[in-house]
Amino acid sequence: MSEMQSHSAILADKPQGWNRPAAIEPQNEGELLEVSMGPHHPSTHGVFRMDVALDGERVIRLKPVFGYLHRNHEKLAEGQSYLASMPYTDRLDYICPITNNWAYALAVEKLIGQEVPERAEYLRVILGELTRYQNHASSIGFLIQEMGASGTPLMYAFREREKILDLFEELTGARMMVNYMRFGGCRVDASPGWLDRTRKVVAGLSGFADEFDQLLKSNEILMARTQGVGVLRPELAVNAGVTGPMLRASGVNYDIRKVDGYGIYNRFNFRVPLGDHGDVYDRYMIRMLEMRESIEILNQALREIQPGPVMDPKAKIRGLRPKPGEAYGRIEAPKGELGFYLISDGGPNPYRYRVRPPSLINLTVLEDMCLGVNVADVVLIFGSVDIVLGEVDR
Amino acid sequence: MSIVFYILAALTVAGGLAAMLLRNTVHCALALTVAFAGLALLFLNLDAQFAGFAQILVYIGAVAILVVFAILLTRGSETPKEGVYSRSWLAGLAIAAAVFAVLGWAVLQSARVLPHETAVPAVTVQQIGVALVGRYVLPLEIVAVLLTSALIGAVIIAIHEKVGHEKEEHK
Amino acid sequence: MLGEGIIKGMVETAKNFFGSYFSAERLTTVEYPEQRIAPYEAARVFPFLVFDSKNHAGGTDWESGLRCVACQICEKECPPKCIFIEKSKDKKPDALGRLQFYPARFDIDISVCMSCQICVEVCPFEAIKMDTEFELSTEDRFGGLLLDRKQLAKSNQYYHQIHPAEATGVDAKLAAEKIKAHAKVKITDEAKTAAIAGAGA
Amino acid sequence: MIDTCDQIFVLLQHWLVSFLPAAWQTAAGVLLSVAAIVCLFPALFALTTVFERKGLARIQNRLGPNRVGPFGFFQPIADGIKSLTKEDIVPLSADAAVHFLAPVLLVVTVFMGFAVLPMGRNMVLVDLDAGLLFYFAMGASSELAVFMAGWSSRNKYSLLGAMRAVAQMISYEVPLLLSSVVVVMITGSLSLTKIVEAQNHYTWGLPHWYIFTPWGFAGFLMYAIATTAETNRSPFDLPEGESELVAGYHTEYSGFKFALFFLGEYVAMFSISGLGTTLFLGGWSAPFSFLTWVPSWIWFFSKLMLSIFVFIWMRGTLPRLRQDQLMNFAWKFVLPMCLLNLMVAGLWRFMGDGWLRWVVCSAILLLAYVGLGLGEMRRQRLGPRSYRYAE
């Protein structure tokens, strides 16, 4: 009871202009059913907790509680060399380690002024888009799983993901903890055989997207469950710093691949799908459409990639001592804007190391989307945010 | 009067008593279900299949569930501290006695009118149906209209309450 | 609408149901203990120490053939700090014939190791490599997972077996270095004699 | 010979009973049949669990259980031993008596339903005049068991699950009854044996099953929807929706009591599929007149297993509805369709033979289906969307 009151006190303290939906006043405080969903609830993607106050099955209050998976990532990184943090970035968003590597490498390269050879850039794009594809596929799978489809779409997604992970393993030696990128390129070169196998896998990916569409796109139950549920208005999304497919599903055209054109993204032709409603269905569909755009980029990259070095021969791997300064490297990770902010004081370790995790920042709007909905929709909205607890808690 | 009748009667009465005397309201409701079941079994014992099964379907399947639902929705499942017995028990007793008197009178009246038959009449469902829409169609329709209007009334009351709450919320 | 989406989905699952009996594309499961897939050459699990069985010191045992010279770079660079090295007091000749320290103790706690391969990358002596052995479960949670240098030592042949292409490259590189070093030694020797001769003259 | 095969279980029972004194024969016969049902359906349950797991696995491109016995078929035995030997945990604050009674009551009521199901020619335990009513009375009582389980556990998830389950079962009881009533209207009897007999005729080798009439088809669809909801199967499995409520009303049950719930659920599925078979799919009658030599019980059980297969198939495909959508669906779509179907069945009865009644009845039902469905979708603003691209 006291916790509830203290929570309403926090609500009252929210700054003006936050555009929070009018807090729903329960008819009778005593009749609220307080349920602590998590940290070992089946649908919280690991160890996440939601303190939910229910009036019947309607959500009156929702307080996200995280930190159960806190591993002190940022402080650890400040105590060790620049290189030693690279394998730890794999473990942030462990569904898509490649993009984490990329963002960190980008930040350090900015800090030390390092150039990246062209073939390495192509490899980064290929791996990054494969990562995006498998992340979107499995996140949709998890979403439908939470809707109660006994895991069928998830298993299909994992079947495709398996093929992509096999490619990762062949190239980098590990399926998930790839530790692939280095400051100034990539760790190992891709063999022509690997590129051929990748082309073969990519050729099969659109068939999988079609299968997924066939299975779910026009399913009436899916529409009934997701359309109009968990609407995120574009103003709120922008104010809260939401990025990635979630922001684009709310209709805001913001894709860092287009905005920054980091790496060599401005060489590729691809479109950015936008949603008009900002509900769970839009988030689902935007991910589906982005998967198809990823296939486009992959086809172009695999066509254009040329032989060459994958690592700048002058680049130092270990013993980096950047000049004092700061750098912010950001990429369009599958979940949103992933940024690494580094301050160097000239020493071998970063003075400050900060991650901007898209999962955490996208999660901050959870309560706003969940107020007033049925408790069954909470897990759905939560699933549509697409988070990985490793990145939220770090 | 066979031994089965006495067992069933004892079950029914025990269920009824427990429904009155138990402290936990949900237990009371469950005990009431036992009484309903006993009654249904009594009907079956009399070879009145339709009445017996209808009793189970309606009373156990619907009424008992509605009772427990109502208890849960009003948060009555916790045992009140000040005891479960109503202070106006005297009035309740009077009403119960009056109802009992009326029922007893009716039973005695009908017993006098009906001829004493030893053989149990075999009543099929079809006969019941024909009787309901034939000879007793008027009472059936009256009851139906009454129930429907009660249903509509309940819905109207519920809608009014909900609208009122929403207005308060908007303020 | 009106249920045709549901029927479409049902058709799709039926296709997958029957497809899984015929198409290996669909049924990707490998029944692990009975069926195994060969690990990729790049696969990495935990590090091991390479020793040359026919080595410079003339010995064939693992101890004298270890390439590691206890420079402790890997210990320093290891992100989770799972490597512990104790430098020897005395020196032994290394692969190039130079006198070097050797690890008196070299422990890796594989319960801490995260298989990141950074030790391999930073090692200038090609002494530490990644193994592909993954069935390492043990009943002893602490002692059993703390590998000492004897457990870590694997022969160069083994290295060739698990990473053939990479090992060949490493061997070639080492051989080139050896030739270079010998040449250097010769040059320095010649220079020395020349200097002595010069001094004499 | 064919007759012997057909009646083999009946003859077996008579033969076994004939060893007893005449006074005991009736009672012994009943006991024997009860024992047969009580043994058969749990065995079928065990088989179904393994089929379900393997079938779902194949739908999801997995292998499914394959470790215990050949192709994993001894898995249910292992599961059974496990659940028997597991500790029976009763939460400290639970209402112990009610907590214990709930699974027992559930299993008892669920098994009672089989008493009136004709599983073959002359194979019915009690041929009640009001058989259908008996069946529904038993089905309705199982709701109480679910409520007792949820309430007595003193767990919020259990209680929410129980409330959902009971609300759902009550709501779908109405369409279930109404969709069955059409059959009663046409047959003019509540006795399930008479209903099967009425369907056991053939024209041009094709059977007169009720599903092959417009009202029967519509009734069967509504019945199928209602049974799926009634047995808490996907897509109506909200009461145990694990992503929301962990396990619903049996969250706090472990060991053998949990196994009883599991058993009760599956046996309810069998019995309600059996009833659907009896009402709409001709019960034990053969699908073609030239196949009537196959024993009747084989037809009954193959139809039963077919419906179980469809249950599993749906579970592998469909996501779950939400509580309010479930209720809306019941009251705004299934119920009106059932009521309309009642009228159509009356029309069918009084229009007499001829093609006209086929056209009229089908047209009415089809129009109502499309109209109601589209109207509902439009009202809730559901539908496929198109997306724009930013270049």
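When the chains are written out, they are named A, B, C and D in that same order, and each has its own residue count from 1.
Quick note on the criterion: contacts are C-beta pairs under 8 Å (C-beta built on N, C-alpha and C of every residue); 3 or more make two chains touch, one makes a residue touch a chain.
This structure is a prediction, so every number in the text was calculated from the model and none was measured.
Peer 1: So which chain is farthest from chain C, going by the mean of the CA atoms in each chain?
Peer 2: Farthest chain from chain C, going by C-alpha centroids: B.
Peer 1: Please state whether C-D or B-D has more C-beta contact pairs across its interface.
Peer 2: B-D
Peer 1: I'd like the Å distance between the centres of chain A and chain B, where a centre is the mean of that chain's Cα atoms.
Peer 2: Here chain A and chain B have centroids separated by 59 Å.
Peer 1: With chain centres defined as C-alpha means, what is the inter-centre distance between chain B and chain D in Å?
Peer 2: Roughly 29 Å separates the two chain centres.
Peer 1: Please work out the Cα centroid separation of chain A and chain C, and write it as a whole number of Å.
Peer 2: Here chain A and chain C have centroids separated by 33 Å.
Peer 1: At least two partner chains per residue is the criterion; list those residues in chain A.
Peer 2: 152, 156, 159, 215, 217-223
Peer 1: Which chain C residues reach two or more other chains?
Peer 2: 1-3, 6, 9, 12-13, 16, 26, 28
Peer 1: Applying the document's contact rule, which stretches of chain D touch chain B when the two form their complex?
Peer 2: Residue list for chain D touching chain B: 95, 98, 128-130, 133-134, 136-141, 143-144, 147-148, 151, 159, 163, 166-167, 170, 173, 188-190.
Peer 1: Which part of chain B faces chain D closely enough to touch in the complex?
Peer 2: 24, 26-27, 30, 33, 49-50, 53-54, 56-57, 60-62, 64-65, 68-69, 72, 77, 124-126
Peer 1: Contact residues on chain A for chain C in the complex?
Peer 2: 80-81, 83-88, 91, 152, 156, 159, 162-163, 169-174, 177, 179, 187-188, 204, 211, 214-223, 317-318
Peer 1: Spell out the residues on chain C that touch chain A in their complex, using ranges where they run on.
Peer 2: Spelled out, the residues of chain C in touch with chain A are 1-6, 8-9, 11-13, 16, 25-26, 28, 40, 42-44, 73, 77-79, 114-118, 121-122, 130.
Peer 1: Inside the complex, what are the residues of chain C that reach chain D?
Peer 2: Of all residues in chain C, those touching chain D are 1-3, 6, 9-10, 12-14, 16-17, 19-21, 26-29, 31.
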